[in-house]
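Here the structure comes first, spelled out in structure tokens, and everything after it is commentary.
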Amino acid sequence: MHEKCGVVGMSLTDRSAAHPLYYALYALQHRGQESAGIVTHDGFQQYDHVEMGLVGDAFTEQALEELHGTVGIGHVRYPTSGSVDACCAQPFSVSFKSGSLGLSHNGNLINADAVRDELAAQGHAFTSDGDTEVIAHDLARNLLDGGLIQAVRRTMGRIHGSYALTIIHDDAVVGVRDPDGNRPLCLGKIDDGYVLTSESAAIDTLDGELIRDVRPGELIRLDPDGTGYTSYQLEEHTHSAHCFFEHVYFARPDSVIDDNLVYEVRRELGRQLWEESGVESDVVMPVPDSGRAFAGGYAEVADGVEFAEGLMKNRYVGRTFIMPTQDARERAVRLKLNPIKSTVEGKTVTLIDDSIVRGTTSTQLVEVLREAGAEAVHMRIGAPPIVAPCYMGIDMASRSELIAADRSVEEIREEIGADSLAYLSIDAVARALDTSREDLCLGCVTGEYPYDIPDEAADRDVTRPAIGEDPVSPAD
Amino acid sequence: MHEKCGVVGMSLTDRSAAHPLYYALYALQHRGQESAGIVTHDGFQQYDHVEMGLVGDAFTEQALEELHGTVGIGHVRYPTSGSVDACCAQPFSVSFKSGSLGLSHNGNLINADAVRDELAAQGHAFTSDGDTEVIAHDLARNLLDGGLIQAVRRTMGRIHGSYALTIIHDDAVVGVRDPDGNRPLCLGKIDDGYVLTSESAAIDTLDGELIRDVRPGELIRLDPDGTGYTSYQLEEHTHSAHCFFEHVYFARPDSVIDDNLVYEVRRELGRQLWEESGVESDVVMPVPDSGRAFAGGYAEVADGVEFAEGLMKNRYVGRTFIMPTQDARERAVRLKLNPIKSTVEGKTVTLIDDSIVRGTTSTQLVEVLREAGAEAVHMRIGAPPIVAPCYMGIDMASRSELIAADRSVEEIREEIGADSLAYLSIDAVARALDTSREDLCLGCVTGEYPYDIPDEAADRDVTRPAIGEDPVSPAD
Amino acid sequence: MHEKCGVVGMSLTDRSAAHPLYYALYALQHRGQESAGIVTHDGFQQYDHVEMGLVGDAFTEQALEELHGTVGIGHVRYPTSGSVDACCAQPFSVSFKSGSLGLSHNGNLINADAVRDELAAQGHAFTSDGDTEVIAHDLARNLLDGGLIQAVRRTMGRIHGSYALTIIHDDAVVGVRDPDGNRPLCLGKIDDGYVLTSESAAIDTLDGELIRDVRPGELIRLDPDGTGYTSYQLEEHTHSAHCFFEHVYFARPDSVIDDNLVYEVRRELGRQLWEESGVESDVVMPVPDSGRAFAGGYAEVADGVEFAEGLMKNRYVGRTFIMPTQDARERAVRLKLNPIKSTVEGKTVTLIDDSIVRGTTSTQLVEVLREAGAEAVHMRIGAPPIVAPCYMGIDMASRSELIAADRSVEEIREEIGADSLAYLSIDAVARALDTSREDLCLGCVTGEYPYDIPDEAADRDVTRPAIGEDPVSPAD
Amino acid sequence: MHEKCGVVGMSLTDRSAAHPLYYALYALQHRGQESAGIVTHDGFQQYDHVEMGLVGDAFTEQALEELHGTVGIGHVRYPTSGSVDACCAQPFSVSFKSGSLGLSHNGNLINADAVRDELAAQGHAFTSDGDTEVIAHDLARNLLDGGLIQAVRRTMGRIHGSYALTIIHDDAVVGVRDPDGNRPLCLGKIDDGYVLTSESAAIDTLDGELIRDVRPGELIRLDPDGTGYTSYQLEEHTHSAHCFFEHVYFARPDSVIDDNLVYEVRRELGRQLWEESGVESDVVMPVPDSGRAFAGGYAEVADGVEFAEGLMKNRYVGRTFIMPTQDARERAVRLKLNPIKSTVEGKTVTLIDDSIVRGTTSTQLVEVLREAGAEAVHMRIGAPPIVAPCYMGIDMASRSELIAADRSVEEIREEIGADSLAYLSIDAVARALDTSREDLCLGCVTGEYPYDIPDEAADRDVTRPAIGEDPVSPAD
């Protein structure tokens, strides 16, 4: 399960934007590890540096120094649509009649093919199959007839889907959030300028202050001289479709998204989990690191249960790991997460995680804990079951890989071998976020999306129990 | 502060040892990230593969497949003495009259130069300036006149310092621990063989069981057919000089060292910390990840104090990070550890860490918490002040860099800007380890070493307050 | 002085085109070492692989195997206009309304900016500042209204400059040569298909036969089934502007270009050189490797002069060479070309090269030969003096760097320190090529170009003697 | 067929030796491309830098600047005995009782195992299985009892085989050549110091003058202050065993070895070839580049035959070349060497090369020339048939791979498909080198070696015609 991108935009009074953009991307690194890029403008021309790899590897000091100008945008990427190669790394830069344009995109258009076809019918040729080039071409075309704000408005009228965009057009930097606010974007003030970014933690990194979230359908234009910003409500906002998984999984705990501090939301989800399906046990422990805040909240309100780390995470287990045999593949979980016997042996254990996707890791963890001597293993999950894929910009898994796509909670419990299993209800999620179900995108836990997804029906040919009901296994 | 090596040795009944050795090294990766190596023997000849870099990068599947034989040793390295280049990576292999020899060494000899000079006077020539080559040459010489056990005994009679060694001589694998047991080494049983390793977590990774620690001065010889082992007490054991920092900092929490589970020791050190210098505050929070277990123990026995994560760690901050200006260098701490405002703002905070070396990070964290709105910041450290360098195999810092080398606790408190500061007493450490002060190496916290360190006196020309007294700042 | 690209196109009956394209690119490697790429089509979709570096480094066996289809094009590149980075490597691929398109381009458009502006005014956005993207967009636009042949005809009506193109549109492969035939392109037959390529040596590599040169203004369309080809004379051919430097310097000696075998042309230029300015000397020697064929021809007709290798070339001197001081920089020529004393000492020497660009190497060689004991050093150059830059696709040097831009032959002789110096006349070049001056592009040796080069006048503000007159130094 | 190493040593008056050593290694690059290294000494300590790869890749400017001192040695390596990895790269450095020692070795010891065993019996342990470590250990042992000259004398009394050594012991640099002078070594003077090197071309590169060859059995000691040198005849010289293949193949044409300029020797061998087995043909052409000087000499004395380049060499064909099928493997020769039709078609051709090892390339070239229309292809080889492997430091091929090991000249002619084939006689080689057969090592062309090669007899179990007789195929 991967977040698919992080974006940033910045305008400073008289300092080069390259280093601050670099630090901001470092703070957003968890949102994309495949490529990193920065585009700046110095009033005369556009500069760009985009490379595959982590932020720290993609830039050298010299590369930063060659990115002249006090305004710029940046991007970290995990591939959405479009293939995973160098040509799809962002920001996406083009030159056209009225100058130069750079785009950073987080999200997923659902009508990209249709818009591309329309543009192609007008003679456009595309070098990639990504959404972002489609937006860039449409903007370039609209900019023939008007200014940037007007052009973005027209493009927003044509594209549908989720997007948080930062755009640089010559020395103008703007940020735009889709009319439903699906992907996060916020505005902050630093000492000598303004910042637009996917997460407020990037503003903290620059010793700045979060001003507010960009509103769904709003465009924020940063003044090129770094002294202020202007808001344009390009699309009327009627309801939201915020992605609740940003809070559950993707975003950093220290970020504030749509007015909620992620860490506090997770603690609260943990408390709700105890309220809805608390179970007596000797010890409650998180799956590190994802379940830690949930477990903290759960333990806080649970009476008498000891909170302890019961699984040691090996931080060196990375992509380069040789697993030649099936035997070894199973052992990999012991390399990655080893039980701390003293907190497990002879005890009943409640294991807290944020979500279950395929179920493989959960199955292995339950087994590992049993082997380490756990009397009982209860799993509690700080979100509802994931029953359907995400079409809005998150790489979860295909429907057939999702353990909850066609299984009841009891069936999942049996599959992973836990003594009991409980998920959190959707209502609890809404409560923790202090909003209504209607203002959340719940596609992955209900199968009902805020947009008509092309081919979604065809994709949905698996049998499964009624969705969103009774998230607690009967075994509890 | 870096642990300087991890070692492993193994003998299996009829499976190639290469993959299990690789997994064991993966489990020991935290003990050395500069190089990794494996030496095996198939009864006819010795095979080796040693490379710079992490375990996952140093080996390919093909490299493992070419390491034939059911017995072998392995090593991960952070450089001790000797320069940091490829030639000093281990295991160190030599061929000599009686066959081939491979050595993996964790520790530091204090009379390496003297032994080298003696060997040189007999005509030996050395390709490196490392300890390990000295041991290898001495062993090779002793093996002219006797068997392996006898040769190791003679070599142990000549070398002084800390060492945990795994040695492969043709198809014999042995493990040896120095007579004071300064560096850890333990013995385990897996399904089809026996394992010697720096930490028991490596045995867990192979689904095995820890049998026991190797005793100070003991040599364990694994049967070449993987069916058993023999113990030889080569040096009489009178007292120990176990490194307590293994428990405080270096070892994995899930390892058992000298009969103590590291995680439990840290929890207990946290509890002792509350007993000795507990302070009322709204919230207690760890410096992640090093202070977490300490903070858990502290919070467990502290009444009414909320345990929370207050600092978010950016796991992507690595070695490749551009910090061109002093300004940016200070900001680096915000990139690495960002406060979670809700758990800090308007609150009194107790921040728990395992140790303070230079004090730079502590200073920055206190400042970061104050900027995030903390009313007060109390620091509690789960170990005594580090007043002197380690000469026994840990890369701490030079004496002049140690903040506690010439400062009282109150002076350190002032330096780092905390409202109060307390370290743990040496007695509390001994209690937590269920041993006496006399059986611990306390050199780094007392300046008195279990061995005469050459040039240590010359090195000690800094004024400092009496050592080991009153670890609590008067401000508390 | 660098050739700027090599192109190839291929259609086979039923074998994958990837390997043959790879071998063809290997044969064209001398025309571009910065990047290499192949685009194929299997009837359903287009595949591409483009990487920086030499052909041998850019492709792996797996990369070739994933390039499905019996038709394809390829490219090796030395950057023309456009920056030297990954995004400008070719073939340039786009998808558009009617399918997919790949282009390989050798040459240089002189009105690229104007065409780009026109397309931008219609809303096109460009990801690079290269010529080739302009051609691709224009083609894509023209393909809205017609077939490929018609679209290329229209595009050719808009673009001006030098070009040899191979184009793949879905499974159709075509080759086009500009109306003046400035850059070479030829057609060949191999066992199971047809090949279009910059040089016939690539056809030899595939054990095929050269059919003929593509005519200026002609388009050759390869049948998708590999069984034949069709010719379309898209622009009427009135006169040629063949680049004579292909014969003098760039092309392989074993290639046939515009009906002339390059090796024979060079031998003939050498013979002409003797006719025009032969000088008595003990020995005649080439500057290796460039002057070898010229010297062979010269020596063949010279009476009594001994032909010998007098300079030894170090083939390992490459790009990674450390030259920290001016002193060392001068020594570099001795590393690269060392005299063989026996053929130089005490002798009068005629040194033959193909051209002089900056004059630095010539100066050093004369000095090196004198130090080795040469009694006299006569230089003979197998081409006229280069007095002006190339705007048609060759990277020669800027005007101010050209030694002949503002010097008479006598002044050059003095500069390089030779006893005598003679260039070849333009008429001799025309004779050797068996054509008229009017059918050659002589821009670099006359300063008069077959096209109006924008900004060429401004560029030409250096004083120089009358061009094209008296190529022989008075000293002879 | 590969030369196996190049060595250099240097002492300068007051300039750092690092850069001159680097340039010298660049000039010796053809003698070894696997690794490169330099060891220097500044009067206080030894510095070294050894890396895998070409000279230009192995050193950076910074690496050179860190090699302090005015004296040093260097090495380029193609692996002799010992495995091909980083640990066997040279110079080989050791520290021992009396200081530090670095060795660069070209050659091959035939009793290395025996000497190693003797040292091992005294307790020595070896990190590699290379000759050079054996020499280093023996020297270190001998240096216990005496000075460097005395120690080298003793070591020379124990080792047997071929060697040209440069040795640095603290700030003393010496060069030694084995008593038979098998491998080359010479002495030169540069502006500010003295140089010992495998080939005089390296002295030219430094603008120096060759003084003379080091004599067989002689040691030259360079004064540490760069102002002179002293000669010690350590072993009496009775006869020589110079390697004639240095002149035929390995050495640079511009080097002088044992008083003969290599280029002139090759020209003379070509002339002798015409005398012994000249054949009428329309054209004589070299296999580039190895046969060029031979062909030049041949053509010079041949009446009426045209000398021409008939094969074009593709200089980009390197190690990274994909050849998936047998078909492609055969084609590789066309990629590497393409015929120039005009010089081949309809003509009788004499193709000149320096030697035939396996015969594969010769077979392909004959075929390629026939396909290009040659009426007849006569091969003439500038050396006698290679009938046995080299045990003295050259990597030729195993006996079973040598086409001439068990075939008569006529059988070889048939195998490669030439119309006629002739080798040069051994007497002609001796004449060209102005020496007697007795002073040459002719092992590879007679099977009789100047030393008793262990296991050579066992190796020689192939039937072959009488050796050294009648090198001309009856077909001529």
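Observations on the structure shown:
We call the chains A, B, C and D, going by the order they appear; numbering starts again at 1 in every chain.
Rule of thumb we're sticking to: contacts are C-beta pairs under 8 Å (C-beta built on N, C-alpha and C of every residue); 3 or more make two chains touch, one makes a residue touch a chain.
Keep in mind that what you see is a predicted model, and the values were worked out from it rather than measured.
Using the contact threshold fixed earlier, the set of chains in contact with both subunit A and subunit B is empty.
Seen from the Cα centre of subunit C, the chain whose own Cα centre is farthest off is B. Taking each chain's centre as the average of its CA atoms, subunit B and subunit D sit 50 Å apart. Between the CA-based centres of subunit C and subunit D the separation comes to 37 Å, rounded to the whole angstrom. The centroid of the Cα atoms in subunit A and the matching centroid in subunit D are 62 Å apart.
Contact with two or more other chains is made by no residue of subunit B.
Chain pairs that touch, as defined above: A-B, A-C, B-D, C-D.
The touching residues of subunit D, when paired with subunit C in their complex, are 19, 22-23, 26-27, 29-30, 33, 54-57, 59-61, 64, 201, 204-207, 252-254, 261, 263-264, 267, 292-293, 296, 300, 306-309, 312, 314-322, 324, 328, 331, 334-335, 338-343.
Note for the complex: subunit C touches subunit A at residues 86-87, 92-97, 101, 117, 120-127, 129, 136-137, 139-141, 144.
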